[in-house]
């Protein structure tokens, strides 16, 4: 991730031909210009207008930054923004922690461990399947699975979807449930940690817990970083959960920004405003990613030097 | 620094039903440095890990400092291990690496600092304490790994091929370093290596392993001079001992008569009992062979097929006439004038010749063999 | 094939028609289209149909991209989205020869007219009526309420007889918003929204009463509170277990959709149409009686005449009507109604509803903007806040008046 | 988890067994929770409609195949088979062009000194960060101009240009973990850079390619919004659209049919996933891990 | 199989502005095996890669078989390379690995088959042809890598530390194998290694590199016997040459008189010109030192500090009296009786002694030096 900007190794003679290199990335450049750049710019232009979804684009009026200033007054937007941050800040750490925990459990050499790895990945495949929405509502309903389980151990159930405070948690849980890809990445990271470090720590008398904190975690930071970025990006773009399960409610307590963007556009037909919201979301994600990249030098530990010194491999 | 004995009794270990260690009993005395050698996969590392507590034996008993530690946690055995890969914590500085065990033990900061610096001084790591392992050279990493072991003042040191990742000259240097340290600390040590030179020079006692069993235990020179069988004979010594087919032709109390393709030889040898089969093998180390002085009687004749000049010494590969075996290697002086295809006559230092029966067991002993100094 | 210009090579004309619906609607419509093609061999009709999810999104994109089909099934209020000035769809008045408008009453036609242009013809009309679970009411030993007061009384009675879990009436917020509207309109005798003034057509006090109505319903256990409802998640009423089990023993629902609700009931439970409650002295039932679905023709269609013919075939022609059955509700067209009644295709509940709608005084014409999503969400947000105790009754009343007016001002353009 | 046994705790002998027991326990418990929805969906497809909504258990009380029979017939002129085939017509070319373009572009990024490479890489990452809804309308208008509406082209063609930054990124990471010497050996053996890519690099990074293919396959199978907007002819609908075809506001929905067809629709992904899972786990990761 | 000469003229290479190769000129004759040695990072691999065409020189010229290939594509130079990591294609069988280059050239199937099998036979890989690299042992992989190079019948072979990933005994075996192959194929070869033994035994000519410059070029024995400077002297030979401080005290036409801490020595040496500084260094190889016969005159005296017995030979570390330097190493017979702390008198084989001036350059030549056989 990091040293992509200093690729000294591509100085090797065979890869020095800039023209051929350009040929390889040409598809991306063309595709970007054609399929991303134009709509990207177009949507920014739209965000400066009062365009309505159903009208011809030409009929929209240029309104300058009005859509952006509007957000300052829009209580719904502010609520949505707050809720989005709340969601991201809760989901990302929880999901990372959970994925890491399972990865640690799965890293054990057990028979049939491959089966479990696969099984644990399945929820991530189910994705947007309709069944998920139905089941999920069943799980969290007032007399649903969770509450029934709680009752069995003598705890009064919670009105999961009915309370603004808890409705969000059902969405968070839905995402936690789809922890597969983060887990798989952790798993590979764990496998890359040499066994003998733990053996050395065993000899030094470190308990499993301390081994985890003092060895596993620091050595996992590159993977953690990668997962962190991916999860942040994903979480900020979370749409399915609230769309399917809570509809953003109650009291807009789970009205995440992507849902708001969608509804502004496709429910209220406010294409201009919707585009402006998208751009705000984009900028937020970009800022977080940038901060993460900037901060990594303080907490991410890269075991191997970037490939700078190909000569000293010893 | 105290130091303790290690005793293994009938230790076995199997992985998934395959026996890897098939019953090893062994005594390592206080302060002794024992080296395990043996072909790849023979169970050297496994044995070491059993002592360390990183594996638990399938059966048998492990006693360290007179305490049964067969199932004790690694950290409770008073052992420290230096891994082949060093197993340094890559995210910690040298100082933190060395201090790790002490920190885990919850020792006071000041004490830790003092100890780490003491160790760093012994190993000449003082100026590197703030570096990360990746900023160290191979030899420096190796020293840190040793430092991490020393700082805990263990009763027993375990080394698993600690020098195998270093290049030749560094390896030589570190070998001398380890010898020095061992003399200085006097700690009981168990050392696994592939390297002839390390084994010969470091060991108080060499244990030759083969497929999970001990083949022979003894001081380096005992093993070199008096290998108990063909396997040990072939394994100890580099270049390998030359093996020639021969036939048993009778023995007296202090010699054996054998018949080779080039005639018969009388080899000084005691305690020889008649072998079950007459087919025997003659073992000759490269340095026990020399070019026969002109006119002098030669034991063997052949043609030089390859000469390797290393400067200080020269190895000549000689294809023996009449023999059906690989060319034998003889070690000559660096300046000896031989050339390819030359016909040479060879003299054998007969009191250093070895004889093995059809099962590969040594037939009798060399005359200077003394069973009490094994 | 994707453009509005339907190909007409070799004299053959291809029409595109889009609709949403469920299994039976698709089957019936496809059947009808086949018959139409048989009748007019030079016309081919391509059905572009989906479920309801996403249909509006797709139609919107198509209209924005000028790739909409020739004939479209639309919702009544979609006129406000696509044809604010009446120019968004073809003016069907030009095709009086093709479509027999005499089968439609003036009120229905006027609800498809914007600025004098007839944009859409109703397939069926619908209004929300009160459908109650007779089985549960019987179990409680209670009769179906016939007045507002009787309805209010059922709350405590249900609670006493059947327990906390039982409610005499239930629905989503959007259902409640309509119920309360009816309650208020019965008082004012005017539409709730005035699209000319872009504001509510009532007083602040009326809106306080609106809020009070909600408060009373919740307090008296007539209608499950926001928390109780939300605990079942964001799902349609008919998929909620209390409805299926008969614990929520009623719904204020469109007569065109009621079968969907009765379908999911567990075991043998009967749903009956309750007498519509009227406030003393009310001159109007305050029902939002409007087309449930309409057909419109793309303003840029190359074949408006053939499109009109198709609409007439589906709405008025005996063959078309028989193919369509009542899958889109009981047809508005008098001819169609007669045919279906004759064939015995109109169910009892449907017939009861039709009869009741014919009996009730329904004169107030509501503005389609009442159904604008933002207006509806505006009502919902306020009621929800109030339901969750975030604002007082007083504040809720004020908010209903002020906020809804603000929203109306924003969305009516 | 921590183990601090007395010096000669005999029970350490059994530690591996205890440990394995514990882990299996956790694994099975969590695994069951993980897979419950899947079980429920499959069970649900054998239930009748009321039971679906009134019971949480996944074992149907009165199992029926109606859901499958009716679901397969669908409410349309076509059987479900048509939609399955349509899906394959979209997904298979999409996966193929995605893999090809992503590998080629990634190779350019990973191995060549290209002018403006850092900028391009930033753009690549930006496509990952971009909320997709932003592009929907402008893209629609563009594809209309191309005359691509109601064809599969809008769904497939962009993928031929490596528009999924995530995939390209993944493969770049993977390539960077390869030793250069192998490619150099190929060059010395007479390969040009394209031959190096196709004959040496691509086969070696097969796990990564398989993961990309799997990801794209599964995502495309689930994609609803794009086909909805771009396809107007029912005979061209993919499964994701067909599944929601009979979910209506006014009409009762046969959930058991939908669940049954969801189960069938999921089958290709599941089968593919199980077949490729060995590579898959390797694939997403090995690249990512190398800092 | 043809074979060609390689010529480098004033080749330089810099990476990101750092000069790594600082101007190397070199002639490799047809059929010659040239070994590059030098400390890590000195540019050996870079030089090899320049010849291979994997890097392009910053300046200078590379000529292979009398064609200027400085900027030619690697595959157009008629060179084949064996990489340290072998760089086998993991997804191909051994057969496909070996056949790859021929396939790329578009040779007919039958021809490819025939060639691959011929090569496989030479390297005894016949029975492994259908295996994948990961199912091979280290030595087998190494052979496949060589096979892949051979099959192309290149004019020039390049080897970059091809044996460094093998263990000691395999390394020995493969070394002999490569020597055999080289004799058999007679191809021009350039070989990079760290290993003394490989360099000494394989090379027709050794090139000693240091920091991007050539220090000395010559046959192994020339470099061993007549190192041009201290660096080469220290680098070639294992154990290293012992270096003792001394003072220049005058020279005749065939000897030099030097003064050491233990007295003066007269060293046979020709062509000696007076050094700029009197401070010089005496270089003594371990095998040029021996224990003085009892009663005979000794050149040096000291105490034994460490004895390493390898069986066939013994190294004794001797701390010299009066000298301020590390203990020197002497090589003794395997059976020599010495013990630690023993006081020993040493005799120097003076005609094998080396002298270096203050700049490290050899002072004059040994008497048997012949400039024509460098």
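Brief remarks follow.
Just so it is clear, A, B, C, D and E label the chains in written order, and each chain counts residues from 1 on its own.
Definition applied: a contact is a pair of C-beta atoms (placed from the backbone, for glycine too) under 8 Å apart; a residue touches a chain by one contact, two chains touch by 3 or more.
Nothing here was measured: the structure is a model prediction, and the numbers come from that model.
Under the contact definition, chain A and chain C share the contacting chains D. With chains reduced to the mean position of their C-alpha atoms, the one farthest from chain B is C. Centroid distances from chain E, each centroid being the mean of CA atoms, peak for C. Two chain pairs, C-D and A-B, are weighed by contacting C-beta pairs, with C-D ahead.
We define each chain's centre as the mean of its Cα atoms; on that basis chain D and chain E are separated by 55 Å.
Centre to centre, using the average C-alpha position, chain B and chain C are separated by 92 Å. If you average the CA atoms of chain B and of chain E, the two centres end up 27 Å from each other. In chain A, the residues that reach two or more other chains under the touch definition are 11-12, 14, 16, 53, 57, 136, 210, 303-304, 314.
Multi-chain contact residues of chain C, defined as those touching 2 or more other chains: 57, 61, 64, 66, 241. Shown for chain E are the residues that touch two or more other chains, namely 40, 53-54, 74. If you check the complex, the residues on chain E that touch chain B are 40, 167-169, 172, 176, 179, 194-197, 200-201, 220-221, 224-225, 236-240, 285-287, 306, 308-313, 331, 333-334.
Interface residues of chain C, counted against chain D in their complex, comprise 1-3, 16, 18, 20-27, 30, 46-54, 57-58, 61-62, 64-67, 69, 238-241, 244-245, 254, 256-257, 259-260, 263-266, 292, 327-329.
Of all residues in chain A, only 53-57, 136-137, 140-143, 159-164, 167, 244-247, 249-252, 266-269 touch chain C in the complex they form. Residues 1-5, 7, 9-12, 14-18, 20-25, 27-32, 34-36, 38-40, 42-43, 46, 53, 57, 102, 105-106, 108, 110, 114, 116-123, 125-132, 134-136, 138-139, 144-145, 148, 177, 181, 184-185, 187-189, 192, 207-210, 212, 222-223, 226, 233, 237, 258, 261-262, 265, 271, 274-275, 278-279, 281-282, 285-286, 289, 300, 302-304, 306-307, 310 of chain A are the ones touching chain D in the complex. Listed in rising order, the residues of chain D touching chain E in the complex are 179, 181-182, 184-191, 195, 199-200, 203-204, 206.
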